[in-house]
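The following pair of complexes shares a single chain, subunit A, combined with subunit B in the former and subunit C in the latter.
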Partner chain A sequence: MTTSPMPAGAVDYTTKIPNNVNLADDQRVLKALEQWHPGYIDWWMTMGPEGFQTSDVYLRTAISIDPKGWAKFDYVKMPEYRWGILLAPQDDTRQVNFGAHKGEKAWQEVPGEYRANLRRLIVVQGDTEPASVEQQRHLGKTAPSLYDMRNLFQINVEEGRHLWAMVYLLQKYFGKDGREEAEGLLQRRSGDDDKPRMLGAFNETTPDWLSLFMFTFFTDRDGKMQLESLAQSGFDPMSRTCRFMLTEEAHHMFVGETGVGRVIERTCEAMKAAGIDDPHDINRVRALGVIDLPTIQKKANLHFSLSLDLFGSEVSTNAANFYNGGLKGRYMETKIDDDHALTSATYPVLKFIDGQIRMVEEPALTALNMRLRDDYVKDCQGGVNRWNKVMEKAGIKFALTLPSVAFHRHVGEFKGVHATPDGKVLTETQWAQMRDQWIPSLDDGAFIESLMVPCWERGKYANWIAAPKVGIDNKGGDFEYVKIHRA
Partner chain B sequence: MTSTEATAVKKQHLIDPEICIRCNTCEATCPVGAVTHDDTNYVVDVEKCNFCMDCISPCPTGSIDNWRTVAPGRVYSLSEQFSWTELPKQGELSDGETAAAEAIEAEVGALLAEAHKGSGGKAVAPASATKPSVNLYSRAKPMVATVQGNFRITAAGAESDIRHIVLGFGEQAFPVLEGQSIGVIVPGTRADGKPHDIRLYSVASARDGEKRNGNNLSLTIKRAEQGVGSTYMCNLKVGDKVSITGPFGSTFLMPNDTNANIIMICTGTGSAPFRGFTERRRRAIEGAAGKLVMYMGARTPEELPYFGPLQKVPQLLLEKHLVYSRLPGQPKEYVQDRMRKHGPELVTLLKSASTHVFICGLRGMEAGVDEALADICRAERLDWSALKPDMRGSGRYHVETY
Partner chain C sequence: MAAPIAAKKRIDFQTEPSRYRHWKLKPDGATAELIMDIDENAGLFDGYQLKLNSYDLGVDIELADAVQRLRFEYPQVKVVVMKSGKDKVFCAGANIRMLAGSAHSHKVNFCKFTNETRNGIEDSSENSGQKFLCAVRGTAAGGGYELALACDEIILADDGNSSVSLPEIPLLAVLPGTGGLTRITDKCKVRRDLCDAFCTTEEGVKGKRAVDWRLVDRVATNSKFDAEVAAMVAKLAASVKKPEVSKGIALTPLARDIGADAITYSSVGVAIDRVGRRATITVRGPEAAPPDDAAAMHALGDQFWPLRVARELDDAILELRLNELEMGTLVFKSEGDAGRVLAFDAFLGALSNDWLALEIRNYWKRVLKRIDVTSRSLVATIEPGSCFAGTLAEIVFACDRSFMFQGTRKGDNRGVASLMLSAQNFGVYPMSNGLTRLATRFLGEPESVGAAQKMVGKTLDAGTCEDLGLVTTAFDEIDWDDEVRIFLEERKSFSADGLTGMEANLRFPGPETMETKIFGRLTAWQNWIFQRPNAVGADGALKRYGTGVKADFNPERV
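Coming up: the complex of A and B.
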C-alpha cells in the first residue's frame, strides 16, 4: 500500500530521476540509480552527440503515460534532458499469454528459474541503446537541416532513455548482478576492439546521413520487433517498460522511412529538372549533387543484411526456451489465433543444404527467430513499397527491392555463403568481382561523404534531400529546431 | 447549419496512407480496438472509433489526424481503406459545413457552424496557420482544469461585468492555438433534467499559455442576466475545478506568416481571440512586417474589456481603434463607422494577398461591417462581393459571431 498522493500513472518529478514507478518509496533502487547517474552523464558527455551539448534543441520529453499528454515539446540542452523511468500502466488482470505458463497471472517478480535468461534478454536489448548513440555521435556536424539535426538528437536522447529503462529493470530486479550489468552497459563501446557492443550491427559505423536513415529504418525496426515481442513477456515490468518504449521508437522509424523517402524524392526531382530519365546514368545524376538511386539500393542492401543478422540463428533452442518460459513472445502474440504453446506446430525455415537454399519445415518452437525475421521482412517491404511510390509518382523508372535473406550474411544459416541479392549462390571469386555492385564501394562512400555539408539555415535543406511534408509538433517550415551553440 | 444536419452526416476518422509509416503505435494505443492493419495500410473502423483521441498525440507522423465528413451510408469501409494509396478528397458538403474537423461532437460542431456561418461559405484556415489539435477532450472524457484567476476587467461601476478567467492544466496537456475555443460543462441539469448544453468560449491567450509556458489559458466572459453558463464561470474562485472539452475550431486561426496583415474587428468579449493573436505576435514574432489592426467596439471605455492593459500595447505592435457607442454628449459610433473613415488605408491592405480579416462579436455587427467593407471597396473601385469569397476561399476571411 502506498501513501503517495500521486495519481496512478502520474510522473513524479520530485526525485532526481523522473519516474512513474514510485522510486521515492523504493530507496534501495533510487540509491542504485542515483549512483549510476553520474556515470551515465559522463558517458553522455564523452560518447553522446559531439559538439552540440550546449545547444538548445526543440525536444520531446515523455512526461506521462497518458496517451493525450504523454509528451511535451520544448527547448532543452541535451545533458539537461530529463531521462526518466516510465512504464505503461499496470493491468492487474494480465496473464502470461504463451508458453508453458500460459494462463498464470503475469509475474511481478523474476521467477528464479528464468533469472539468467531474463537478465540476458535485458542486457542484450539494453546494450543496443547506447551503442546507436555512439554510432551516430559525429553526424550533428553534417546535418542537412536543423529539422534533421533535431530529429537525430531526439533519437539520441530517447535511446538514452531506453538505456535507463533497461537499467531500471536490472537494478530493481537483479540485485548485485544487475548493478554490474548496468555498469557494463556504460563500459562497452561501439566498434571498440577490446570492449565492443554485443551485436554486430551496433559495431558498424554510421558514416553519413543516408546511413543514419537506413539504420533507423532497418535496424531500429529490428528494435521495434524485439521490443514488441518482449512487451508480450510474462514478466510484467519488462512488458510494461517495452510497451512504453515502443511509443518513442515509432519516431525513430519515422525518421528513417521519411528520410530515405526525402532523399529519393530529391534525386527524382533533380533528375527530372535536368532531363535525365535513366537512373543508371550515375555520373550525370551525381553531377547534380544528389544521390543516385542505384547507390541508395546498395545502402539498403547493406543495412537490411546487417539488420537481419540481429535476429540470430534461424533455428534456436534459446528462442524456444525464451518462448516456452513465457519470457519473450512472438510479434503481436495475443493477436495470433493458435494454441500459443507451439509444442506440435511446424514453421517453414529457409536453410542452406547441400549447396542450395531450400525451405524446410522445422518445429515452430525452435523456429521463432525465423518467424520474427519473417514478420520483420514483411514490415520492411511495406516501407520499401512507399519509397517506390515516390519514384513512380515522379515518373522515374526504378524500384528498390529487398535483397534475399541469404545475401551478405554473417549470422545464421547463410553465414559464409555468398549469394546474389536475388538469392543465387556464388563462388568466393564471383562474389569478390561483384560485391561493389551490390554493397556501397569506397567510391560510393566517398561520393556520399562529399555531399555531407552542413545546412543550418532555418527552413533550408541540403541539396541532396527534400524538405519534409510536415514539421515536428506542427511547427512551420522555418522553425528553429536547434539553436546552435557550438561547444 | 443546424444540429439536425450535424447528426445527418458522420465524421469519420481516417489515417493518411501516404504519411503513415505503419509503426503500430495507434493500434497499440487504441483502447477500443478500432485501429487495425493489413500488409499495406493502417485503418480505422468507423463502427468502433469513439473519438477518444488517445491515438492522436503518440502518432509520430501526424497521419492519424485526418477526418472526413461523410453522408450516411457513404462511410468508408475497412476494405476501401485497405485499398487506398492516398486519402480521398473531402466530398461536397452542404453550405456551412467545413472540410476540416472543427469538432467531433455534433453538439459542439453545430455551435461552431452557427458561429462561423456569417462568413457566408465554407471556412478555410489561413494557409500559414499551425495545424490545430481538436477534440482531445469530450463530454464523456473531459479535462478537469483548475481556476488560477478570475478578475473583473471592466470598471467597478460599469454596468457590464466582464471577467478574465485563467484555467490551469497542471501536468496534463491541453494544446490550443489562438482563435480556438474550448467547451465548458456547466454542472447541474436543465429544468427538463438533461445536462446543460456545452458553452463555447474563445481562448484569449497565446498558444504558450496565459503566462508563458504556464500550461494555462485565459477566457474573456461577460456575465449575462440569468445566463447559466456565464454566471457559473464568472462566479468561479481560484482553486475551483472546471470540466472542459475541446479544443475546438480548425479554421478561425491566427496566420503564422510574419508578413500577414491581420484586420481584427470585434465588439465586447469578441476581442478574446484577438488578445491571443496580439500576444502571440508580441512573444513570437516581434518586429513582424505584417500589420495588426484592431477595430474594437464597446459602449464606453469603462465597459471595454482590457481597457487599461490595451493602453499599454504599443501602436507599433497593434494599431488600435477603440470605438464607443454610448459616450455622453457624443454621437453613437460603431466599428463600421470608424472603418469608413479609414477607407483608403483599409483598401490598400485589402488589396494585399497577405491580408486577413477576422470578425468576432455579436451577430448584430455582421451586416454593418459587411456593408462598410463593401462601401469602402466601392469607393476605391474594388468589388467586395468578388473579393470576399476569394479571401474566404484562401483562408483570409473569418467570421465568428454569436
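Coming up: the complex of A and C.
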C-alpha cells in the first residue's frame, strides 16, 4: 500500500490511532495495536476517572511534535480522546552516548543481547502510567474546582497516552513477548493484592487532593527523572518516545507544584485574616477550614520518602548493566563532562554502616541509582524553595524541608532503619512514639478528608485552596473547564 | 582485592536452631515451617553481604542441620513448608560475590555440600516420610530455584512478579550446578528445548507458563495462596504412610576435641600427618552389647552407638574436606569387637518398624555416600583388633583400595585380622548409582555378590577376603609395613587433580541416576567452567559481575 509522505513531525489522523511513526505502512504493528485497543478502552472505562466519562473536558491533544504549538485545546469526552503514538523526530546522526558502545550509531532495532533488559525497563516504566490513573480515579468527585478537575483529567489522559507509547515500543520491537507484556499492563491493578502494580508507590492510595498534588510533585518527578535517563538511551525509538513524553510530563509537575503552592497560599491568607501567627496552633488553623502547614510538611515527608524508594537500591548491578549496555543513561548525560564510561570513576553513596549513616565512595557505575536520586533531590528542592517563598511573602514563619533520605524508607540502604527527618537513627520504640509527628496520622487524614467537598461552580474554589494565577490556555476566571453532564 | 576465600578460617559444621542466623525452624504437629530469612551481614567470610536471601556455605550448614533435626527431633512432621521470610524474594541463589572471591577449592566444596543437602531433602521425602513443599513468593533465582526443585512440590505466587529462573548462563557464564539442570530434565521432565529457553532467559518464567512448562506444580494468586498451600500440605500429609510418632530424640552437641593435628570424638579419632599429607580416621566399635529393646534405644537417644558414630564420622569427613585441604589420603582404621558391631546391625535390622532404627540406617546411608563423593584417596587398612563388620565394612567397600593384614604380628595377642559381613551389606546402603557397594564392586561378576552373601555372619580372614575379592590385597607381617608405606608415599607423589578425577571416575560404575548425574556429569562440567577464563578470568563473567562491565568471552568452542 502507498501513503502520501507527510511533513516531518506531522501526525497522521487517518488511522484509528493517531501517530507520527507511519503506522499506516506498518501493518503488523497497526494490527497489534488495533487488537490491543479494545482492551485499553475497556480498562479506561472500568479503571479510568470514575463518574466523568460522558463529561466534556477542555483538554489539550497532541497534534504535532513541534515544541512550539504541539497541542490544541478543545472539549473532548475522555473515552474519545485521541491517544496516539508520538515520537520526537529521528536524527540520523545520533549515537550511543555512553557505556561500552559509546560512539556507535544509535540502534534503530533492539540488540539481541539487551532484549530482555530493555523490555524490563519499558515494562516497569509502562506499568506506572496506568497505575497512577487507577490511583486517582476517585478524585473527580471531590474536585475543589472545575479548573483542578480538568487538570486531573488532563494528567489522566496523558498517562494513558504514555501507556500507549510504551505499548507501541513493546509491540513494535519485542515480538510475542512484547505483546504479552502489553496485555499484562492492562491486567495489573494498583493496590490489588493479587495483581499489584510493579512498584510500591504505585500501589499506595491517593485519598485526597493534597495527596494528588504531592504525588504529581514528588512521584511524577521520579517519572520525569526516569524518562530523562531513558531519553538518553542508545535504543533510539525509546529515546525518541521518552523525549516527547517529557513534554507532557512537565504539566503534571506544574499541577503538583502550583497545587501545593495554592494550598499553602490559602492557609497563609486565612491565618493572616484570623490573626494567627503561630503555624503550630493547629486547632485554630484547622478551624478555619484550611490545611495547617505542619500537616503539609508531614504529607511532603510521606510522598518524598515513598518516591525515593522508586529509585531502587543505591548500589545496583542492574543500573550498572543498563548504563554500560547503553540502555539507560544519567540525567543530562550529554551535558556531563566526563568519559561517559565510568569504568574507573567513583561516586559518594550514603550508606548505613555499623549503625551510622556514612558517606562511602562506590564505583560510579554501580552508584547510578544514587546519582539519579541526588539529581532528583536537587530538582525537588527547587520546588520546595518556591513554596517557602509563598510563606515568606505572606509573612508566616514556617519553612518546608525535605526529610533526610534515611527517613521512612522501604527500599535500599535505609530499609529497616528508623530515622528522624533530619537523619538521626532511632530505636523501634522511639520511632513508634514519634511517627505521628512526621507522617500523617489517621486523624490528619480524616481532617483532610473532611475538607474534600466538591466545588464545581464556574470560577469558584474550595475554601482550602487558592485560585490559580492564570487559567489554562489563557482562559478567564469563570471558564467552564469541565461540562459535567453527569449520567 | 582481598585474599581469596579458602580454608583460612576453620569452618564448623555443628550448629543448632538457637544459633541459626539465617533460618527459622517452626515445627507444629505434623507440619513444620522452614523459613529462610538470611541475615545479610552474617556471611561466613568477610567481603560480601548476603543480599536478597542469597546464601553461602554458612546458610547451607544451617539448612542441613535443620533437615537433619526434622528427621530425628521431629519425626512426627509429615510435611515441611519451605518459604522465605522476606518480601518479594524467595531466594536469589548462591551469593555471587562470595563465589567470585572464593578459591576454586572452596567453590567445589561449597557446591558439593549444597548438593548433599538437597539430596538429603529428597531422601527425607523418599525414606523418612517428610515431604517438602516449597512456597515461592517473589523471585527464586539460580540456587534459589534449585532449592525449590529439591522439594516434592513447588507452588508459585501468580502476582505478575514472582518467578523461577536459572539465570546462570546469561548472567554469570556458569551452570546451575546444584542439580538445577539435572532436576529440570530428570525430575520435572521439562522438554529439552523449553529447558534451553528457560536456562537462557535471565528473568525466568512466571505464572501459568511456569506450570505449563512443568517448572512448578501450581500457581496461585496472593489472595488464594495461603489456602492453596494449606490444601497442598493436607494432600501431601495424606500421602505419607508412616507409623504415628509422638516425639523424637534430641541431637545434643557432639563431644569433640579439636587439636592442632587431631580431632577426637567419643568413638572416632582423626590423626593428621602433615608431612605424609594424610589423615587417619579410626572408628571404634561399641563399648557394650546393644540395648535390650527399642525403648532402651530411644532412651539412649543420640548416645546410641550407631547414631553417635555416624554423627561423629560425618563431622570428621566434613572437617577434613573443608579445613584440611592438603590431606590427600584418608586412611580408615577401626578398633573393637566385630561381633558386637554385627549385633548392632542385627538389633537395628530387627526393628524394621521403628522410626529411629530406620532413621539411623538412613543416616548411615548418607554418611557412606558422603564418603563416596569425598575427593581424597580413600584407603582402608584391616588389621588385628579391627572391627570392620557389617555396617563398618561398608567403609572398606567405599575405599579406593583396601589392605588386610594376614596372620599375626609377633607379640600381638589380638589374633588375626578379620572382616565380617551382615545383611546390611546387601541392600540397606545403596550408593548414588542405586546399587550396593558390593554389587557395584562386582559389576562384572554378580556371582561374587552371591558368594559373599553366603558368608554373612562368618569371621573372614585375609586369605578368604582376598579370594572373595572383598579387599584389594592381603600382606603378611613381612610385607605389611613396607607395602602400606610405599602405597601411601606413591599416592602422595601423584597429582592431586589427577587422582580426584580418576577416583571419581572409578568409584561409580554401573547405572546413572539423578544423583550420579548431579555429582558426576554436572559437577565435572561446572568445575571445568569454574577454571575457565570466560567465568573466572580477570575479564570473565564471575569477576565482572556487579561492576556493570560486560564479560569479555573467548568465543572458541572447546
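Some points to look at:
The criterion applied here is as follows: the second predicted complex is superposed on the first by the 483 of 487 C-alpha atoms of A that agree within 3 Å, B and C clash if a C-alpha of one lies under 4 Å from a C-alpha of the other, contacts with A are read in each partner's own complex, and residues count from 1 in each chain.
Keep in mind that, in the parts below, contacts are C-beta pairs under 8 Å (C-beta built on N, C-alpha and C of every residue); 3 or more make two chains touch, one makes a residue touch a chain.
None of the values given here were measured: they were computed from a predicted structure.
Look at A:Lys469: by the touch rule set out above, it reaches subunit B but stays clear of subunit C. Comparing subunit C and subunit B on the residues of subunit A they touch gives the larger count to B. In the superposition on chain A, contact of A:Leu170 is made with neither subunit B nor subunit C. Legend: residue contacts after superposition of the two complexes on their common chain; A:Asn385 is shown touching subunit B, with no touch to subunit C. Of the two partner chains, neither subunit B nor subunit C is touched by A:Met245. Judged by the touch definition given at the top, the superposed model places A:Phe254 against subunit B, while subunit C stays out of reach. Judged by the touch definition given at the top, the superposed model places A:Asn321 against subunit C, while subunit B stays out of reach. Contacts of A:Arg188 after superposition: subunit C is touched, whereas subunit B is not reached. By the document's definition of touching, of the two partners only subunit C reaches A:Ala100; subunit B does not. The contact surfaces that subunit B and subunit C form on subunit A in the two complexes do not overlap at any residue. Across the interface of their complex, subunit C is touched by residues 100, 116-117, 120, 184, 187-188, 193-196, 198, 317, 319-321, 323-325, 342-343, 363, 365-366 of subunit A. Put simply, subunit C touches subunit A in their complex at residues 158-161, 170, 201-203, 221-224, 545-550. Touching subunit A in their complex are the following residues of subunit B: 18-19, 21-25, 28-29, 39-40, 53-62, 85, 128, 130-132, 136-137, 171-174, 213, 256. By the touch rule above, subunit A contacts subunit B in their complex via residues 10-11, 63-64, 66-72, 74, 224, 228, 243, 246-247, 249-251, 253-254, 257-258, 378-379, 381-383, 385-386, 389, 469-470, 474-476.
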